[in-house]
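Chain IDs A, B, C and D follow the sequence of writing; residue 1 opens each chain.
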Amino acid sequence: MSDAADAGRATETEAGTDGRDASAEYPLRVEDLHKSFGGITAVEGASFRIEAGSLTGLIGPNGAGKSTTFNLVTGVHKPDSGAVCFGDEEITGLEPHEVANKGLVRTFQIARQLDEMTVLENLMLAPRSQVGEVLWRSVLPGARRGVLAQESTVRDRAWEMLDFFEIDHLAEEFAGNLSGGQRKLLEMARALMTDPDMVLLDEPLAGVNPSLEKKLLEHVHELRADGYTFLLVEHDMDVIMNNCEHIIVMHQGRVLAEGTADEIRSNERVIDAYLGENV
Amino acid sequence: MGVSETYERGRRLLVERPFLALVVVVGVLLFLDLLYKLGTGAVGIATVVGHVWNGTVIGLIIGLAGIGLSLTYSILGFANFSHGDYLTAGAFSGWATSYLVAGLGSSADLAALFLLTASPRAVGVTIASKPLAVFLGLGVAVVFTVVLALFLDRVVYEPMRDAGGISLLIASIGVALAIRYAVVFVYSTDIRGLTAGDVPRSRLTIVDGAVVIDAHEVALVVGAVALMLGVHLLLQRTTLGKAMRAMADNKDLARVTGIPTERVITATWIIGAALAGSAGYLIALKRGAMNYNLGWVLLLLIFAAVILGGIGSVYGAILGGVAIGVVNNLSLVWIPSDFARVAAFLIMILILLFRPEGIYGGVKTA
Amino acid sequence: MSGGGFALADARSYFRDSTAATAAGVLAVLYVLLSIAAMAGVGGTVPAWRETVLVFTVYALLIVAVGMLWRYSRNDAVIIVGVMAAIYVVYLMAGVLFLGLPLNGIVNTLRRITFLSAVYAMLVLALNLHWGYTGLFNIGVAGFMAVGVYTMAMLSGPADIALGLPLPVGIVGGVVAAALVGAIAALPALRLDADYLAIVTVALSEIIRLSYNSTVFQSSIPRLRLAGITLLPSIPVGTGGGQGIRTPTNPVRALYYKDPGDTSAGLTDLGEFAFGAADGVSVTLIGGQGVQPPVVIALTYVLVLVAFVAGFYWLLIRVGNSPFGRVLKAIREDELVANSLGKDTQRFKIKTFMLGCALMGLAGILWRGSTGFTQPGDYLPIQTFYVFLALIIGGAGSNTGSVVGGIVFATLLFEGPTTLARLIPELLQRLFNTQLGSPPSTFVGAVAPIAQLDLTPLLAYSLRNISTLRFILLGVLIVYMMQNRPDGLFGHRKEVAAGVDLRRPDRDTGAGAATDGSESG
Amino acid sequence: MSDATDATDATDATDATDATDATDAADATDGAAADRTVGGETAVAGDDAPLLETRDLDAGYGDLQILDGVDMYVDDGEYVTIVGPNGAGKSTVMKSVFGLTVHMGGEVIFDGADITDRKPEQIIHEGLSYVPQNENIFGTLTVEENLEMGAYILDEVPQDQMRAIYDRFPILEERETQKAGTLSGGQQQMLAMGRALMLDPKLLMLDEPSAGLAPDLVDDMFDRIDEINDAGTSILMVEQNAKEALRRCDRGYVLVQGQNRFENTGDALLDNEEVRREFLGG
């Protein structure tokens, strides 16, 4: 019981600003975000920060504001107030592509593969600032040589990524022909192709069968060991509890509690929130 | 509301939405220019009133046709590019009937009457001289267009119910071509003179001149307003009308509620086509001539009206139609007549860019 | 594995493939028609069966050849050339066997279908960049063509309402103007949904056409006055209004004539040689009249167009097979994904819209470049719909499909009906020895005799109005394609957007592969 | 056994798809007598056959399977709640019963009839109404028109039923001519229920009726559902608010990952430690 109270208190103090250099230790910091849609408040003062190199879980009952928070951080929606900082920059209200180019990349809850593009094309799309994304460089004979050189590198990386996720046999398949689980893998692989500093995973396991789920989680752990930071939104509590060292619980647009799996599991307020009690 | 507040709002508009600000400025300038022209006598008051009257008459037709376009847009979910050619189909079928009725017993042979090649003077159709011919013609225009629309729905659109709006839009371009050139195949591309004889008209004297209003214009206004009223009552009072609005609002919920969506779609086509057919017939009555391009040329103006009024809104379509009609005519104060349509199109584009939900935005099929 | 068995198996497999079946079906119809005609045509002195067998064999081989190409060719250029060649054979046989055209006429017919194929191939390629690649639903193609052609004519045309600048300036000016108008349209319009964009673009193209049609700009651009203040002075450049405007002299003429504008000034050396050869050689070969100078000039111009088609194709393949093209495809599939991966999709869309419009302007210039004249009626929305139908037939998203779509549209749908309308009376004459007689002047006159079971007046009327029926055919075809084959002949085909071969790199080539090898080896 | 199949066939034959059948349905709702005859026949199949039953139901969207062998039933007059963690497939159960998902296996029996492959506009004729979670009213229609739409399949609006609904939700009568889109969240939810009750259904399916309501309105909402059930309408409800829902219902299911893991009376489920843990993961 006292653990739970501790966890609650810890949240409040940590969310406040402090003197340390937060940008190195906590790449993503969200402060007092508010967002409402036509009178319905979706996020109401959410604050949290994500530790570098961690695998943090973001959970909460339906309508807690997780997805909106996700969209506010990644620039899909603009917050009414509050701030989002990434690294040593404030990224509040930036366009999605600007956020992505800072090194903060997301996946989508319902996998959004590019159907009429092959798996390889999907992956090769992702790397940031490719030389050949400039029109004249792709066309002019002299400049194109540089483009092609980079294309080879990108292709090789894409194949490595396919090997890593063990979907290399699907390389030349249209993404639209993939199964639900394979799409999830592709989605994550594509996000990683951008060489991000941090990845936001929006329900990466929804609709994924257990054996693939295990594999996907292994990949996440492996990548985390390589220094990636992950924020994971997931409704499968087992997954969150067994894999995340730090868990943030949202409820009614706010952060209700933070802590380790054990702390969250024994937090009465969290249990109440999940069973539908007003907190 | 204080001056400073107005000023502040103006300043914010200028900073946040410069394009919109520019449009507002141009609008104000044009209005001032109109006053200037009226003041200096460069443009007469009667001329302006005449433009407004003519614009209203054309606008009612556009609005009438716009209702159907708006209904199909909101209930079937696509921009129907063949809607203008429904007007053409109505006009030709209706006028062939009018000629046959009016010309029976005259010297002209049936073929010439059916093909509208008989001399208008010999047939002599006007609302005053042959009211029955006009009335029957209007009726056939409605029936023929409805049958055509239902046939096309069955053959073209029904197999594509699950297709996206763009696929349907492209298909409707194909339908438009087929209808228009089927008309050409029968009637050729020649312009057909239709009415002849004395149309009763009256001159309204206004300050510095006069505005002429003829019986066909009055018939058109009465017909259009009656039809609009009918549609209003249908949509507001009948269960079917309510179901149409419900379906435009939320198709999935309509299904869950047990509304037979296919029957609602059929009703949508019937109403839309009936209005389109009568609009085609009436505009030909007003102009006294037509050719195969009648509806196609109007189509973009109809789109403009619907977009101006807000897609899905029936009243919006009517208001938008009148607004587009008036703009189309009133623009003649500043620009030569071959630019009148350009002005209407420009307004439509501006509306799409700055207020895509239209002036009646948010309201659906009401 | 006997040869015959192999061919049969192939035939079965590619007829199962509906793409090939569609192509084969179109050819098969022509094949049957022309074969019947062949039998009829040789009814006289020559043994009928010999020529019949000949024609049958040629067309059977054609169908098999095109089908094989379609299915097995990895080289898209071969497919394009193969389709074009097959169509040449069809037209050639129709011209020689049934219409009895002289050499000059036959060469001119082939020249004409090549010209149209090239023009539509270019336009479809440009539209494919918008719609096929990026998903931008632009149905204002005709307007952007008009801007290109009119700007060129007003800059370098021969009329006194033009500026009289050198032709290259006019061409570049036209292309740039089309791109700029595209940019103005794109900046705000690209935020709209596809159906709104469609309405905006078609309205814009009508605004452009009506402006060129207006008497206001006929001889000069008038000064602009508002509330008594002059905002713009008058500029002495005009559009010619509804009467149209003269375009610069076909530059190809300069190869053959000393003064391209005046034939009486005499021929150049090349002219002497080429005209002489075209006439002389063909006279020697076949006898009768040879190929005449106007056809030689037109043929030369077509060669230029073909070179431009190759250029368009090359350019768009490069654009497509690059990281740039990959982003465009991603925008088409799901713009939010592209955006979330760090691509500034608005910028990509605007650039693409400008490039496509510039190419439409250039294609327009090339289309009107040999005719010496253009008018607003050349740029009706129907022109846009032609291009769209051609793209749908070819298959949106494929550059090869675009070219094939352009060819198929121009030769079979646009020119095909009129050619058939000329063939049918010949066939009736030879088969049934009946004459259609002069067609009735009205529809009623054509239909009324049906009561007496006489269909010939309706047939004659239909043949005379074949261009009207062609529009109906095109309309029906658009509907058919959207219902049954929205992907067209080449849609849904894997044309990978990348600059390099994407197969797994070999373990022992390049330095990059070495790390790869050590990891997975 | 053969009786059972016969009975099913018989009900199949009365399959309501066109206008004449709509009148049948009207009769059924107007006078209970007509209704009971059909009910009487089906009752032969088994004396206590449930009103709604899903047997080994598999369903999902596109090629994504969500439900994995769901066996549930609702007896006549019963109040049944489905609870479970996020993403368990609770709403999917309802949508599948109502013919709104891709059916992948098993069957749905309602009132003795196999309705597995029927479309929603047919199912509604059987006496089964559904209130979706979101967008469950026609916002541009007035309150009264919304209720009329609820009875669309009848030839005319059943005034007595309308009266009963206005008596149950007086606020709706006050707002009769107002556009439904301008109502508050709680009022919209009442309107949605009212609309679904217009046909006096045998079973009312509610998808998260408390979602998005202010806390003080939630209790009120549950009270009203109790009243509807007390008046004889069976209820199948999906709720996020598990505590309250289980406290009030007759019987509950806990759905986890597309399977019904627990079934018991509401109170028993509430006291079950395992169930509590299921919500937060093992």
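Criterion: a residue touches a chain if its C-beta (ideal position, glycine included) is under 8 Å from a C-beta of that chain, and two chains touch if they have at least 3 such contacts.
These numbers were taken from a predicted model, which means no experiment stands behind them.
With steps allowed only between chains in touch, the distance from chain C over to chain D comes to 2.
Of the two chain pairs considered here, A-C and A-D, the higher C-beta contact count falls to A-C. Centroid analysis (C-alpha atoms only) places D farthest from chain C. Rounded to a whole number, the gap between the C-alpha centres of chain A and chain C is 48 angstrom. If you average the CA atoms of chain B and of chain C, the two centres end up 35 Å from each other. For this pair, chain B with chain D, the centres built from the Cα atoms lie 45 Å apart. Touching two or more other chains at once is no residue of chain C.
Chain-to-chain contact here is organised cyclically: the chains close a single ring, every chain touching exactly two others.
Interfaces, counted as pairs of touching chains, are A-C, A-D, B-C, B-D. Looking at the complex, you find that chain A touches chain C at residues 74, 76, 95-98, 100-101, 105-106, 108, 112, 114-118, 120-121, 124-126, 128-135, 138-139, 144, 147-148, 150-156, 159-160, 163, 168, 171-172, 174, 190-191, 194. Partner chain D is touched in their complex by these residues of chain B: 239, 242-243, 245-246, 248-250, 252-261, 363-366. Chain D makes touch with chain A in their complex at residues 63-64, 66, 85-87, 208, 210-212, 215, 239-245, 257, 276, 279-282. Here chain D touches chain B in the complex through residues 98, 100, 119-121, 124-125, 130, 132, 135-141, 145, 148-150, 152-153, 157, 195, 199, going by the rule given at the top. By the touch rule above, chain C contacts chain A in their complex via residues 315, 318-319, 322-327, 329-330, 332-334, 336-345, 348, 351, 355, 397, 492, 494, 496-500, 502, 504-505, 510, 512-513, 516, 519-520.
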